[in-house]
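Right after this note come the structures.
First chain A sits with chain B, and in the next complex the same chain sits with chain C.
Entry: the complex of A and B
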């Protein structure tokens, strides 16, 4: 347990490095928020107006100083204001978070409900009709880019049969359905394969043969031993996808106009809105550390071999 | 016997891949219309008739645009996977062969890259590199090389311990000779499999960047930005989105099939679905 504190302390240098690098990278881009804003609105301002706007935002200062100013604000709990909307970044970021959390929760639940049973079914009935069907479906899911899945679902379930709204404007389950299904299809396609492979591997272990020989019922072996042994793999995978989902899925969120952090990041990158990008980058670093920590702890809890190895 | 069957399967999966590659290379000769020529009189025609897949808002022939788009999408994907695999392998072999601080440095850098969700990082890089297909290619390569570095490093570590490497070193081979003559040929298999299985994913990510406006730019016909163009017309003219969409899907599927077949051929121990060992009977309660 002492590890947990140590791991959380590691977060601090990671945050430093990552925010500095992203600051540096955005400055190398050579175009800034003022320029992008003018491009977007199509207005032409005089050189003086542009300079004034830059000076107001502090964009004319050398970038280590800009970074220092941003860092000083951060220590005081102030993440600056968005260059584009002029709103404070911290509340802006937290207002986008619920949408992404909801989408993450729903799509992970859907993925588990789809991929765990189908993966087991596929492994138990290896090479029979049902296995082939499941494998073909997962192959198709693996070969569909998620923006294509999103548009096909939108066409079928929102336009031809208007069951769900085309634009997910609010945080209702109906609005969340299409984006969650889109994400769940892509993830399930991957996890069915993994689940199947893990269960197959376990089914070929000597202990299964032993238990069968002793007359233990197959369902008991499957649900008590095999499934338990497969959990480590599943949880590690899930932890990783939860991590990337919490980062927001820029494409899917943009297509459905789902107002989450992924769409926020995509918009901020397009507009060179540094303070918003910084907030996002910090969020990603926090998720990365926490998810890895959670995955390690879970593994230690679930797999006695890892636990013993640590103590020995 | 199994290996022979896998070889036949690999050859069969090469057929669709070859067809897609040929259509990418011969695209200029295969297009029935100029893919960029606008003809407002025949805009938004449904599929069928003179225009096999219909036309878009500007009356451009979608079939020609899908073929021309394939040229950009497929060729840029292959270049992307090629440079990613080369850079990653170089870093990984160096890391595994040299060990010590070089190893530590390369691995920490790759950790840093792996820490970020790939596509968002690539989006930021592509924005920095000011768009364009090649900007997208470079940013995805920067994001994805650590995967190859990992594989190359762990394979190098295994190979390096073999006695024949020791023998070669004793007989006076230099480090470079060791790497090129003895290590690279022996780690090529897993890297080739990784690269082949990566083609589909990379194609989808390149198209994804273009879809967000961070890849190939609008007048060019590229599958991702064709879909992004047609998005607003999905309700009434769905074929504008469906044509390039299915093109991506079919191409990715073809490359994935080949990747799976290649993996089974080179590494028959992996579990994909082929029957292994004896068949258990009476397992159902």
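Entry: the complex of A and C
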């Protein structure tokens, strides 16, 4: 518990540093929300009008003062107002969260469901036909960028075989299917190889040879010992992926019009919408710290060596 | 082990298959139009189509890339930034006057007007016009709407220059603070949509007079509309409309192919060939969005009129439009399309590479070292071409110009920069700035000149000056007669073309792509009017 508290306390300096850095980087980017909006609408405004618009948003102030104001608001529970939509950032952010959580849950479930059995198959049949096939598929999956996979899936599963919609209409499984499959394909391609490597390593451990020699059934060895031992590595990797997915997947969310935090962040960066970007950056920091903490705790639970090592 | 392995393979494959079935189960269709049309791919992709006709009611789904807060269209309240575009495009709002496709004014909610003096206008409101809540529109309602507009909308207040208004029955008397010949044009801007101020503004939803009334709005996602049962101008044929914001161009095309949307606005040119078949139809019109090259008169090399003239003669506009824009553009002469009355009878330098080469040679620009690029007094003829990537046509224009100008011995160094606004503010780092601009958004030609060509113009980036242009602008400012303004506009265009201050390359042809079963959905030159009472969907 002490360690958990310590890790949570570490969040404070992390949040301070990364919000400052992101604020600074956005200012170095060379334009602001007023300019971006004028560019989009083609508006021809006088210099006075532009200056007034900047002053209304506080963009005319020196960078440290702008950051200080934002920080002061944050301490008081106010994350500001979006420069683009004019809506309060906190409710805006939380309105996008359910979509991202659903997409994360579905794509992780699909990934586990695809990669664990195929990884085991590939390891058990090492260098045989099925292993080769799975490795080739995994290689292809790894090579395809997400946007390409998304377009291929749309074409195959929404146009040629109209099973799923191209654009998501709501937070339903049907709408979430294609973006989830897109994400799961990329992640599974990676995890199949990881799973294969971990299982292969365990299969060559002396305890497997010993158990086989004592006549223990292979399935018992595989599911009771090898798989359990492999889970530590898989959980750590999954934790990292969950962190990344919870941060939203800007490209996939944008292509499928999935209204999650990734799309929100991509739009905010394009429009230099600082308050929304800051909310996103904070969210990313929190989830990475929390997800890593959860992975550590889970590993401790699954691997007695970690617990015993600490106790010793 | 082999026996066990076979069992295990079966189990694992069974698990994968079960998972596949679960996913397929998720994908079972909720509804179908029952009217599948072959997709562009030649398959029956539209089976997952939007339910266009169900229980005798027609629903139309429209995909649009531009309806979003990034374009300052976060809602449909015309008094909020550029949200009036959404109000007028989606048939919620209507203005006192509207534009024809020749960008001439015609009455809409108004029945006519009288100009009492230079600063006083009497506008007659049509009898029988109602808001979608059934309330009659009279001069008092229009006055309340316009008063709110000028009090909250800085751009509108600056354009309209209204000092006072009086309402008497169906007659609205408008007084302007100074003479404003373009008052009626600006009243036809989308911000001029007449809305019921007493009904208020519910989460960005307003009550207008158009054929549709808004029901639900989620910024950057969708707008749902229903038929306005009180519509004053005839029967509305479609019962429900859903406007979907789809920011990705490929997704928009795929959504139309799959049948999830019935029509699309803002599709990339590259996707057009997918819809060139009997199952889809295009409505295309030339708009006043011009792609042009603006000369930097402060640049050493472009102070030389011969170089500017050679550039004007050496850019292959026809090739650019025919090849790179795949014909989805109109070759430009002046600042306005020829379909506009003041866009005709102006003469730009014709494409003439040999003539351009001769002009340069006579001015002393000769390729002395045989590298294909001309020199004069030891200076190579190199043009720094600045443009930006957010308009897909501009990088293509830069490439096309680079290729065609090389043929006459001019080297073009292209800089496609997202941060172009910062760069263009420094006249020492560019020679030619290529941009896109809607030259005539409200049917009045002065707008382009006042923003680009005068000493005081915000977009006179190259420091162009012409005494004659300044004088003609003053004349147009005082002219109320549209014909007289048109004549002056032609003279001004000819002057800037003769000065080789601009090269107008092409105009955007705007297209709406729709299913063949959709009728009454047409593109308009001003880009304001999309969904009207004429919109209809033919049942199977």
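Throughout what follows, the second predicted complex is superposed on the first by the 312 of 312 C-alpha atoms of A that agree within 3 Å, B and C clash if a C-alpha of one lies under 4 Å from a C-alpha of the other, contacts with A are read in each partner's own complex, and residues count from 1 in each chain.
Throughout what follows, a residue touches a chain if its C-beta (ideal position, glycine included) is under 8 Å from a C-beta of that chain, and two chains touch if they have at least 3 such contacts.
Owing to the predicted nature of the structure, the values given are computational and were not obtained by experimental measurement.
Asker: In the superposition on chain A, see if there is space for chain B and chain C together, and answer fit or clash.
Answerer: Result for chain B and chain C: clash.
Asker: Touching A:219 in the superposition: chain B (first), chain C (second), both, neither?
Answerer: So A:219 meets both chain B and chain C here.
Asker: Taking the superposition as given, does A:142 touch the first partner, chain B, the second, chain C, both, or neither?
Answerer: So A:142 only meets chain B here.
Asker: Touch test for A:57: chain B only (first), chain C only (second), both, or neither?
Answerer: neither
Asker: Quick one: is A:185 in contact with chain B, with chain C, with both, or with neither? Answer first, second, both or neither.
Answerer: Neither partner.
Asker: Looking at A:159, would you say it contacts chain B, chain C, both, or neither? Reply first, second, both or neither.
Answerer: So A:159 meets both chain B and chain C here.
Asker: Determine, under the contact definition given at the top, whether A:270 touches first (chain B), second (chain C), both, or neither.
Answerer: Once the two structures are laid over each other on A, A:270 reaches both partners.
Asker: I'd like to know which partner A:239 touches here: chain B for first, chain C for second, both or neither.
Answerer: Neither partner.
Asker: Per the contact definition in the header, classify A:134: touching chain B only (first), chain C only (second), both, or neither.
Answerer: A:134: touches no partner chain.
Asker: So, does A:211 touch the first partner chain B, the second partner chain C, both, or neither?
Answerer: neither
Asker: Touching chain B and also chain C: which chain A residues?
Answerer: 31, 124, 151, 154-155, 159, 166, 217-219, 254-255, 270
Asker: Within the complex, which stretch of chain B touches chain A?
Answerer: Residues in contact with chain A: 112, 115-117, 119-120, 123-125, 127-128, 130, 200, 204, 207-208, 211-213, 224, 227, 231, 234-235, 238, 241-242, 245, 248-249, 252-253, 256-257, 271-273, 275-277, 280, 283-285.
Asker: Would you tell me which residues of chain C are touching chain A in their complex?
Answerer: So the residues of chain C touching chain A come out as 1, 4-5, 7-9, 12, 15-16, 19, 23-24, 26-30, 39, 41, 43-48, 63, 69-72, 74, 81-82, 154-155, 219-221, 244-248, 250-251, 254-255, 257-261, 390, 419, 421-422, 436-438, 451, 458-459.
Asker: Chain B touches which residues of chain A in the complex?
Answerer: Interface residues on the chain A side: 14, 17-18, 22, 25-26, 28-29, 31, 124, 126-127, 131, 135, 139-140, 142-148, 151-152, 154-155, 159, 166, 197, 200-201, 203-204, 209, 212, 217-219, 243-244, 247-248, 250-251, 254-255, 262, 265-266, 269-270, 272, 277, 280, 284-285, 288.
Asker: Contact residues on chain A for chain C in the complex?
Answerer: 30-31, 35-37, 39-47, 49, 82, 84-87, 110, 113-114, 117-118, 120-121, 124-125, 130, 151, 154-155, 157-160, 162-167, 173-174, 177, 181, 217-219, 222, 254-257, 259, 267, 270-271
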